């Protein structure tokens, strides 16, 4: 009785698999991804993180009590104090300095996904915001797992290993599990009509994540 | 099965009766209310209407489809195109010109209620906003009914009759019934935990309405 | 002394011309645009209008006084009470019934532009929201003018004439001029640093409008 | 040339002094404040802090770049990770356990001030939010200074010393100075019309702070 995140994923199984096992992900695992694609992705992902941090700031605002507020603040701190730094360091290794990130024009795919998430948050309540954020936070944990377990994955001497390790890292996986528990507790008590709304949000967000991978692939063509 | 607005009212019956049958309302019906109290109330109610209009603008923004959007826009138009004009005309009859309304300092009671409603809207979803608005829109229709049916009510030759008639008017009563139907349809499918949240919102809004009446009474002392 | 809308346009002249004179617009004027492109555009423009209406609802909320609030409400009413109806009627003539519009999946280009505008509104103040909306409201008036005055334009017996006339209509042109005056009055007193921010918003919104045309063209390929 | 925070304070000097030197503050310094007043204030201040934290979450959302975002996040962390804990510990010393804080009904004065600040933030841009927050963050630093330097202040063996020390603490004073610099930099470039808007916001927020002290005093009568 009651819904959970797995029900959301099952309700848009095709879109979810298309995202998790996207060609960008497959090529990244097989170490055949063009560096140009990856570099373009990395740069846009920096802009993505800024709006992602703003979204968690919004989640802090929308919290109904201190428990919810602390949960959102933890995610916000993880992004700004940890991920952002890892990302900037990682970009540097790929020859992208922080200055150049500041002047970067934002790709339409970045705009579309990030502003969609923020609008879900403003229009709906905290749960709508979390559901819109889930394909990113929880999806990346699953992407890292999928790559790791996939037979075609090349595990040594690949330029992408550090990126994969970032999302396989126990801290990250733990944050993803924590978020999943939060969602499961809330989804357990929504009505069927409300669940339909959330499916739409989750599906749109998942598709926008796929489009974000695709943007990376397209940069090389 | 499922909740409705009457359940919200019953859940905070004491606060609701204290609001509907507030001394301000009783004295207004019995035509014993001091004109100073009424004039202070009228002026602050003008400021209230501005923020009330802003709240319905927010409801337009938060709508999930065109049916919801048109419902909110109808309320917004009622306030700005009808009630606002009636109110300004009514103030004029009481010797309060429109210019003086513009420079009016906002009372704490006006600030508290209006900004509370707006925050409910931003923090939650459209339903939270509607529930926070309900004591005003639906409550005033009930206040007008209560005054009318009350044995102590003086019905002729009272300076307050025009005000009472404004809320007994079929157009207003119809808007209140329309809103009640909208709420009943949504409340029917919320979970018990969610209903608890909405009770808190409804009770706080009801108390803030009472404080708004009290502000009127206090102005005369 | 002081800035005006023309300064915003001049600051991103290339992007503005690329939008106003986009191939979609040229082909529409020359009546060489594929009907498939136009139909795709029309359908997405319906979804666009819904979010555009939400944006004007947000503008009502963000207003600082009744003059600003009425200005925003006028635009909101124009969209919902007039344009929306024209659009649905117009879609019908192109064989697109209202039902099919309700189930339409939202293109990334529609998502990107509409949610960008809404985020500009939430993040900044009323002026940021208006600047993000300007390429649409004011741009379409200019697009209609440009088509009309362009030597290659075919003026009789073209399926697109009714669409062009909708934006050449005096009511629409007047709304665009009214908005321009509102913007000119506000831009007159912003600081250079603030103007830089607004240029970025205006440029991004203009590019997203171009991408919206391009989406139409791409639908036919 | 250009405005600064001192200009805001000077523009509502009477309201500012009435707040900084409020009877609640004077009695607190002179150790003549009734414990009932202080206890009521302390409890409501806990609820205040929650909404204050939400306001800084909103500031994170409204930030235009990572520098602004980190500035807001620092304030948010100070409140949630430091002040909140100090406050709960401090309440405990006054016999108020954390459980009882959770069920506390919110006073109108708390509602009025906190929701006013949040609405300033949503309606305007980041600067409006900061200006609405300034009487609290910067005002408390000044209150602590004023108490300390006032000849009637009793400095030993008073139940209020720990509270005063909390705001005299170098960490708190530093946060207040940091915020003042942020405001001075932004105010330097606003137009006279904009500055007028900000004066209204600052004055209203200052008056709402005074009303918050008054609420404490009234609790003992």
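Order of writing sets the labels: A, B, C and D. Residues in every chain begin at 1.
Criterion: a contact is a pair of C-beta atoms (placed from the backbone, for glycine too) under 8 Å apart; a residue touches a chain by one contact, two chains touch by 3 or more.
To keep track of the chains, here are their UniProt names: A, B, C, D = Aminopyrimidine aminohydrolase.
Note that the structure is predicted; figures quoted are calculated from it, not measured.
Name whichever of B-D and C-D has more C-beta pairs touching across its two chains.
Looking at C-D and B-D side by side, B-D shows more C-beta contacts.
Relative to subunit D, which chain's C-alpha centre is the most remote?
Greatest centre separation from subunit D goes to chain C.
Can you work out the whole-Å distance between the CA centroids of subunit A and subunit D?
37
Approximately how many whole Å separate the CA-defined centres of subunit C and subunit D?
Using C-alpha averages as centres, the distance is 43 Å.
Subunit B to subunit D: how many Å between their CA centres?
Using C-alpha averages as centres, the distance is 31 Å.
Note the residues in subunit C that touch 2 or more other chains, in rising order.
In subunit C, 54, 61-62, 118, 122-123 touch at least two other chains.
Using the touch definition from the top, list the residues of subunit C that touch subunit B in their complex.
Answer in residue numbers: 50, 53-63, 65-66, 69-70, 72-73, 76-77, 80, 84, 102, 118.
Flag every residue of subunit C that touches subunit D in the complex, lowest number first.
61-62, 64, 122-125, 128, 189-194, 197
Using the touch rule from the top, collect the residues of subunit B that touch subunit D in their complex.
For this pair, the touching residues of subunit B are 54, 106, 108-109, 111-112, 115-116, 118-119, 122-123, 204, 208, 211.
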